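The structure under discussion appears below in the form of structure tokens.
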Amino acid sequence: MIHLVFFHSFEKVWFHRSVFLSTGTWVTFGSQISDEMAESVMTIAYENGVNLFDTAEVYASGRAEITLGNIIKKKGWRFSDSLTFAFMILRAETERGLSRKHIIEGLRGSLSRLQLDYVDIVFANRNDVNSPMEEVVRAMTFVINQGMAMYWGTSRWSAMEIMEAYSVARQFNLIPPVCEQAEYHYFQRDKVEVQLPELYHKIGVGAMTWSPLACGLITGKYSDGVPDCSRAAIKGYQWLKERVFSEEGRRQLAKIKELHLVADRLGCTAAQLAIGECLCTRANDLVTYIILFVLHNLLKLCRLEQARHRKCL
Amino acid sequence: MIHLVFFHSFEKVWFHRSVFLSTGTWVTFGSQISDEMAESVMTIAYENGVNLFDTAEVYASGRAEITLGNIIKKKGWRFSDSLTFAFMILRAETERGLSRKHIIEGLRGSLSRLQLDYVDIVFANRNDVNSPMEEVVRAMTFVINQGMAMYWGTSRWSAMEIMEAYSVARQFNLIPPVCEQAEYHYFQRDKVEVQLPELYHKIGVGAMTWSPLACGLITGKYSDGVPDCSRAAIKGYQWLKERVFSEEGRRQLAKIKELHLVADRLGCTAAQLAIGECLCTRANDLVTYIILFVLHNLLKLCRLEQARHRKCL
Amino acid sequence: MIHLVFFHSFEKVWFHRSVFLSTGTWVTFGSQISDEMAESVMTIAYENGVNLFDTAEVYASGRAEITLGNIIKKKGWRFSDSLTFAFMILRAETERGLSRKHIIEGLRGSLSRLQLDYVDIVFANRNDVNSPMEEVVRAMTFVINQGMAMYWGTSRWSAMEIMEAYSVARQFNLIPPVCEQAEYHYFQRDKVEVQLPELYHKIGVGAMTWSPLACGLITGKYSDGVPDCSRAAIKGYQWLKERVFSEEGRRQLAKIKELHLVADRLGCTAAQLAIGECLCTRANDLVTYIILFVLHNLLKLCRLEQARHRKCL
Amino acid sequence: MIHLVFFHSFEKVWFHRSVFLSTGTWVTFGSQISDEMAESVMTIAYENGVNLFDTAEVYASGRAEITLGNIIKKKGWRFSDSLTFAFMILRAETERGLSRKHIIEGLRGSLSRLQLDYVDIVFANRNDVNSPMEEVVRAMTFVINQGMAMYWGTSRWSAMEIMEAYSVARQFNLIPPVCEQAEYHYFQRDKVEVQLPELYHKIGVGAMTWSPLACGLITGKYSDGVPDCSRAAIKGYQWLKERVFSEEGRRQLAKIKELHLVADRLGCTAAQLAIGECLCTRANDLVTYIILFVLHNLLKLCRLEQARHRKCL
């Protein structure tokens, strides 16, 4: 019943020139896996150097946050250690938009479910055309000034929208966003490789990428159809199934087959290759030892994933 | 003993392009009706989609707030639900003016009576010539930064005064008002239909209208004099009685008779027609389904009103 | 043992175009009179419309604040009533200067002794050349933003210093002072009658005047030397004795004799005349009924003073 | 077992034109001396007018702060007295850099270990090239606005970096630093005597100097090699031993011999001479009586040091 969702949520963050390896909780915690499984996944991640956890109020209607909060409390994990630079990420992902009321009440609710006083970063998910940008940036500055978050970022915003937030922050002397969460894998490269570097150099906004395995496609598990134990077979993931069988999906699966040949020659899985490549992007901006450190842990996690994968197949 | 005050307080709010249907507590809660009646009126409103409640510290010298607070606590209503966009409105209506001291102490007192940590909007009632505008806007920004309110608005301010508040907010980088409460019905149209749209397009200030039935005149209940069970017959409402019998009042009652003929032809009451028309103003700026949703609930409430109306007559 | 100190502390405040009648606690509370006497003086003042109390941390090394705090708590007086516009004044008078540390810690100490959460106005006593003006204005803005005070004012600052504070507040978008405390009586008129009106019209800074009886000289009690029961005879008030017997003091006493003749003709005491004249200054800026209200209470207090005066003589 | 570390940490502060005599806790508290010894050293310092204590989270991994906090609590020392202008200094010295997260969490941890609500000054130790200056200054302004510190300063920053912090504070209307901590003794004079005075006159940043005895070299204890009971003989202080025996170290020891001849002629120790000279730098900017007061206490402390010195030798 493990759906290889673990790797799905590996993320790489350039943030003040540091690299974080993160694990997320989307579609998994509080719904598709048990609390015990969630705890052991979290523990392996934490003990292997994963120093960033991503969650959101809409994940399983808040249950992902409750699960994560319980695990952190039980384990006594600290996110302000002097040795590891650990981050607790929270995305104020909401269908309710980005009004001041929703940002503040949403974050308060999340902190309450997580049993935390603050998170390190709060993300504004998808720009909300109904909320004036001034209101969004003022609300984000408010939650930071209230001590509910250290930084704020954007998630799936266009480069223009990020620049508008920056401009509004400058106009009213508010706190600008530090990071954009963007999808990044073989089939989605333009934003992270072209637009975000430009933003980074102009206004210092970092990038945090998600979905390195393209919803699992790159693992090859959908190459021969949709297995029963895969996520695309779950009720409510019809959109994923449709994506797999679309013309675009078939083109991608063909390319993934070629990728597997390359991976075989390199002696690793295609998933390892894909994640490794995500980690190396713009590596010239980053200190080398962090990447090695990350890769070292990555290999452990890959072995874990393989073991799990086998159990499922 | 029900004086059709319920409909009096229906209000329509354009606020960030959303429509709210609201119910108020003026002249009713804590004075003209019992707490049980207040609770059942509130319950019907809340359950039928009314998502905005308006109260003020001067209503029945604070007793309206105590009644409202007790009902909300007893019912466990939440105003930060993810599905309904509910607002708790509070007007810092005061004869004491708008000094920093009065705004802050007034709001603290209201929150204490309402047993709430914050309200969604606090309104500055009537501009106070003795308080410098900078003091008013700084105080409103203070209560928002302290978390006592999400937004602030104005009530019965002139367009020039609203623009001055906006200008002061821009000059000192404070938070500008988001909304003006204005009287709006057949006999009072200029401000809402001409001035506020201009303000809305220039500085984004929305409109919240009150008194859609012109103090009950439009229902026709005063067309044949002042009935014993109407509000104009209550002690302390001499001003309303005088208004009904004034030359202007007689002219209005004549027009209301014509309106009743139109309503009869449309198969609804004049009150329904008047409220419906308020709701459709500037509908082109609003998303259609919200209006339908509102109208749907409106009909239920209209039926309720009719039932009550009959009991009184 | 009553030293007519009561009238000494009558003060008149122009503040947002309102008039306050105040009573102070200098040299009296916690030192020269018993707590019981302090309580009855306070009670008479409060019940007769005195709506402003002035105290400072240096008065009797903080004991004046403790006495005042105990009386307020015992009596249950509220300073945020909706009918009377009552103010609790606190002067952060300190020999320690106006560094951020001293302003904040000084006010915290005063609030603790007064058993209050905040005062209405905190005054910066005497400008401190060693503290940069930016630090003073930032600290005052901090205590207001923390909710420890509603407003801040200056005490015995020059017009240039007040203008500098205003300029710094404008430069860094901080909160400007609202009021200057200045000595004002027959022999000290220039600042209140010439300089402060100019400041008031240019930047809205009001005036609060103190010492209407010129340290008691105007009552005539020092006209025939220093009586045993007067303040100038108390240990530690040598400076007052010296002032009485100085050349300037003798000139003033001569003028006070003439004043007593005028008062006799008007059928009141010289003290009443002096206070009344303070109250009428710039009366054209003030609403008339407030002055009458104040004078009405003033007469009661004058009668009280006369009764006490007789007991002493 | 006393390693003359006491004098090492004597510091002189120009801060708002006041002189402070301070004692530090580096390399001593929580590691090289017992808690009882720490308490008696602190008590002698406090009772002799030392009004500034310097500590940092990295000193003995936080144990220095715990020791200091326990002593302050046990002794009931107050740092907001009206007579003595006492300061509690905290340096947010950290190897972790100056990100907002580290500054805030670091200071929170220190306050918790010190059992204090706030410190007077928090210092940003060494500029961190990975943290944007805007983030550093915003974080420092945040901790001051939250009431966790009164002021902030820099430690071992270049003049250009201090000016950048000042410029960023001006650009975004944040709070500028008030003080730079710099090494200052016979062999390190340029920054304190040339650069900092220029900064002080241009932007008002004061200087707090440390290491007046050049890590103990000036006492002459290393003139005949490294004694067993000196700090350079302790494990982990190899760098100090190397410095003593370096070519530069030998040149300095030669000059120190000449200094001892001068001190002998003046009838004091070289240490007294060195500290006295530190205290007199730019004395023309300072009020004389403070210096005398400081020197008076200094002599007592020097006698104490001599007594201790003898026990060790």
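General remarks:
For reference, chains read A, B, C and D in written order, and residue numbers begin at 1 within each chain.
In this section, contacts are C-beta pairs under 8 Å (C-beta built on N, C-alpha and C of every residue); 3 or more make two chains touch, one makes a residue touch a chain.
Being a predicted model, the structure only gives us computed values, none of them experimental.
The chains that touch both subunit A and subunit C are B, D. For the self-contact between subunit A and subunit D, the two sides draw on mostly distinct residue numbers; the shared fraction is below half.
Note on subunit C versus subunit D: their Cα superposition corresponds to a rotation of 90 degrees, in steps of 5.
Greatest centre-to-centre distance from subunit A is found for C, with centres as Cα means.
The geometric centre of subunit A is 44 Å away from that of subunit B, both derived from CA atoms. Here the CA centre of subunit B is 62 Å from the CA centre of subunit D. Among the residues of subunit D, those in touch with two or more other chains are 145, 173. Screening every pair of chains for touch gives A-B, A-D, B-C, C-D. Against subunit A, the residues of subunit B that register as touching in their complex are 16-18, 80, 82, 85, 87, 120, 144-145, 147, 150-151, 173, 175, 204.
For subunit B in complex with subunit C, the touching residues are 94-96, 99-101, 104-105, 109, 130-132, 138, 142, 145-146, 172-173.
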